[in-house]
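Letters A, B, C and D mark the chains as written, and numbering starts fresh at 1 in each.
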């Protein structure tokens, strides 16, 4: 395993075409593209890491997995009255389907659905309290103390969040937000601005694994369902392609991180800031494809 | 396992709400809705059956799985230049996305993609030859001799295939059909009109399983990829929901059949003619949800 | 003419089916639906009025005509780089086409286009200054001193403007707003909250007529072009129907007012608060159809 | 007037950028792009012509005006149960809105609506009979004997009509065609293949004018309504722009012809084969804009 990760890092470091760092959030656009980290945390307790596996990065949409788990913990299946479970077939910030579907977002991993999820875990608490719960939830999963929200990224994100503000107001026009749009947006942008390293993310991802030493934060049935959503909706309009090429559920973020779950085996985090055409980490996706092929890990037999 | 299947059949037989039999193809609308069959063929060679497991029914879109395997066997990954691998988020016969995507259907399991797939396995042969290959391919997978195309269903289908003719002409207008629309439509409608029982279908489904006694018709990598497509795109705009609720790759047809693969364990076929809102078997989907919960089989851990 | 207007008022007053008063703006929903007024101001200087022709009502989207004239007066044809001139084929507050068209609204009469128009006449001035110009422009056209913005309606509108906030943020995400979304929305909602009577509106509409005694606020070419836009886009997705049935350019508002121009003849304002399925005044539309048939006025020969 | 037409022809002949001749119908793609004709037939009986005004060309979609008049003559306002009257906001051969609107085309001038119109005037007769009526109707309007359907163009059109076949089958799938798709398509393609010169077209267009010497083929009310549809829908997704720039109702065809009606004044036909981005004659549109500006003719005052 360690050899495999080292080989993947070598390949990645030698790559000419690293994709394009997200430029719509100024704070993220300044990240050095020549970074690459990977970490594997197995159900039997081993942890393998290579490259920049201990460098914190902005987890961005990967946070939607933790947010979903937290929201489901608070309201259970009632969430599904307000968010769907279908792939959208469209870009992550599209408003197209919302209009046809009366303000019910397709799934919790597109931005509209993540806003409803944030509104749900916010409930009646303040953003500060809700974000505190979120950070403690992630800390409990990865067993690291020093998980932080990057305030610069959060502010940079709020300042450039016109599309997300549009989505939030649109949801509100259908009555699908309980809290004010400002409060939901603020919470959402801070949630996305959590900084984690590959090591921390891989360890946190273990909450989606079944096994004796794994964190027991959510039920087995809920774990499976979150994994299912990661499989069908985890990579926006590149979800089908990721399932086809990698064969494992995963969730990506525009910070360049991807969390991948190999049920019964391991939680894997990979990170490289440059993105492909779908807004998913280019080298990260390629690394996961190699990883899945070499290990033979696939949920599809 | 036999007890489980018997219990599922009992529940299904007692059900008040059996969904609605497809009525757009006259020949199918005459099917008795009070039928229900299920069959499980395991990797270790056991076969369990219950209910109307030996009654042949029209497999309809389940045939798209075999068609995809056949087409990939002929042209390999070149197919993916002409068909995508993403969930469409829309109904099975929608033309909406085709216009935006220059005639490249989203995936091989929506009708437009299945037409391109049929055009691909047709290649330069006659419909008769191509359909002969298709039937022999299915026969080889399930090891039954008497797989037949139901000519009445095929004719009924062609006579009512206005939407599919529209799709075919539309694809042709983008240059994404090599054969004439009539030839492709004729082949496609006959492919969908294959009659199989649950037992035959479950046995044929073993071509998507890895194991010593399983049919060796396609490579392991291709098997995984077809399973991945069944997971993300196998139930049209209900694919996300099926993945969420059942957790196994499956492909449904408007004849009321569903083929489900539990990698490493078994191939399962279930059949009941009444459909739910997505056009998938209502009792079949419910039965698979119960089956997955009781067996604990899920690819998601 | 006076007899015709009296007969139209009688018919309207006797109507059983008056449509439905707009209910999404609380302040508007309280308007008494049993009101109906009409006024005709001819190019030769006569003014005919009947019914509640002197009752002020909220002109709402009719204000978009004056806003367009004002904006064109400020920046001329440069406006057309930021707004299109095509009917949208969709509801007045739809976001659908914006996504396909990179934030360029279809025309200045759908809400998105009206927001860009408001942003344009705002230019670098304060909302107070810009709205002052707007009110003075309307006063100059109708030669009435007491045109007022209804602050209660404006506040009610801002408080319920989630869909418009969504549109504004969406436009901003494409860089198609120069001022802040709050400033543009505030200006737009106040502009829509102008109160005018049918008499005032008919007189103001004369700025779109050619004739010796008509107000000379805009050039003949611009008048024609605004009339053309009213014809093709003045009634949202009911524009084609209005052109077909009435044959004169017009612009409606959800307050129940419609301004109609009969080039070479007269400016007509009609008002009744109940709306039809397209969000246009039901009795007002019917009255204009009768009016056009009885007078024989039509731009189409 | 003659001087104006001569000047327009001179300008057109000197133009560098003549647009692009339609290339999807082989027979049309061979037309010499360096041709330009214009003809004006006034209500008082004068006829002015310049350039290639007597060269026959394929009128294509201009025929939809005559087809609409013929169909309305047969079934009256019943047609409007099967076709709408709204601009579509989309390209002439788009299928997008059909799906949302259950097979009711937006208006009779987009291809889908023209197919329903052809199905309507076909009624129970044979294509030959119906096309005979059509040609005689046009002959009666223009008072020329030698109006012919160009069989080469018709055949070329049928051979390349995949998109139209798709539309026809799609309409049929919603039950909005009474005749077979082959019959409707055949009739439609022949109707579009009528050859006329500018002189013939301008004279035929007089059926949409009111005046003592004008052909009396349809009622005044119907004339107005057809003119209204030409104004709002006559140039596909360039209709708003034509209304804005020219200010007169018109109908274009991909053969490069445009028929324009100046109510109370004249019928104008212009022709130049090169098309602009909307599929309307480039020089023809520009010529009409000049013509309208110089004559001051506009329905908008």
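Heads up, the rule we're going with is that a contact is a pair of C-beta atoms (placed from the backbone, for glycine too) under 8 Å apart; a residue touches a chain by one contact, two chains touch by 3 or more.
Since this is a predicted model, take the numbers as computed values, not measurements.
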Quiz item: Which other chains touch chain B while also touching chain D?
Solution: none
Exercise. Specify, for the interface formed by the sequence copies chain A and chain B, whether it is same or different in terms of residue numbers shared by both sides, with half as the dividing line.
Key: same
Quiz item: Looking at C-alpha means, what's the farthest chain from chain D?
Solution: A
Quiz item: From the C-alpha centre of chain A to that of chain D, how far is it in Å?
Solution: 54
Quiz item: Could you state the distance in Å from the CA-based centre of chain A to that of chain B?
Solution: 32
Self-check item: Between chain A and chain C, centroid-to-centroid distance (C-alpha), Å
Solution: 46
Quiz item: What positions in chain D touch 2 or more of the other chains?
Solution: none
Self-check item: Interchain contacts, given as pairs of chains that touch
Solution: A-B, A-C, B-D, C-D
Quiz item: Where on chain A is chain C touching in the complex?
Solution: 94-96, 98-99, 162-163, 165-170, 172-173, 181
Quiz prompt | Residue ranges of chain C in contact with chain D within the complex | solution = 84-90, 97, 106-107, 208-210, 220, 223-225, 227-229, 231-233, 237-241, 243-244, 247, 249, 261, 263-264, 298-301
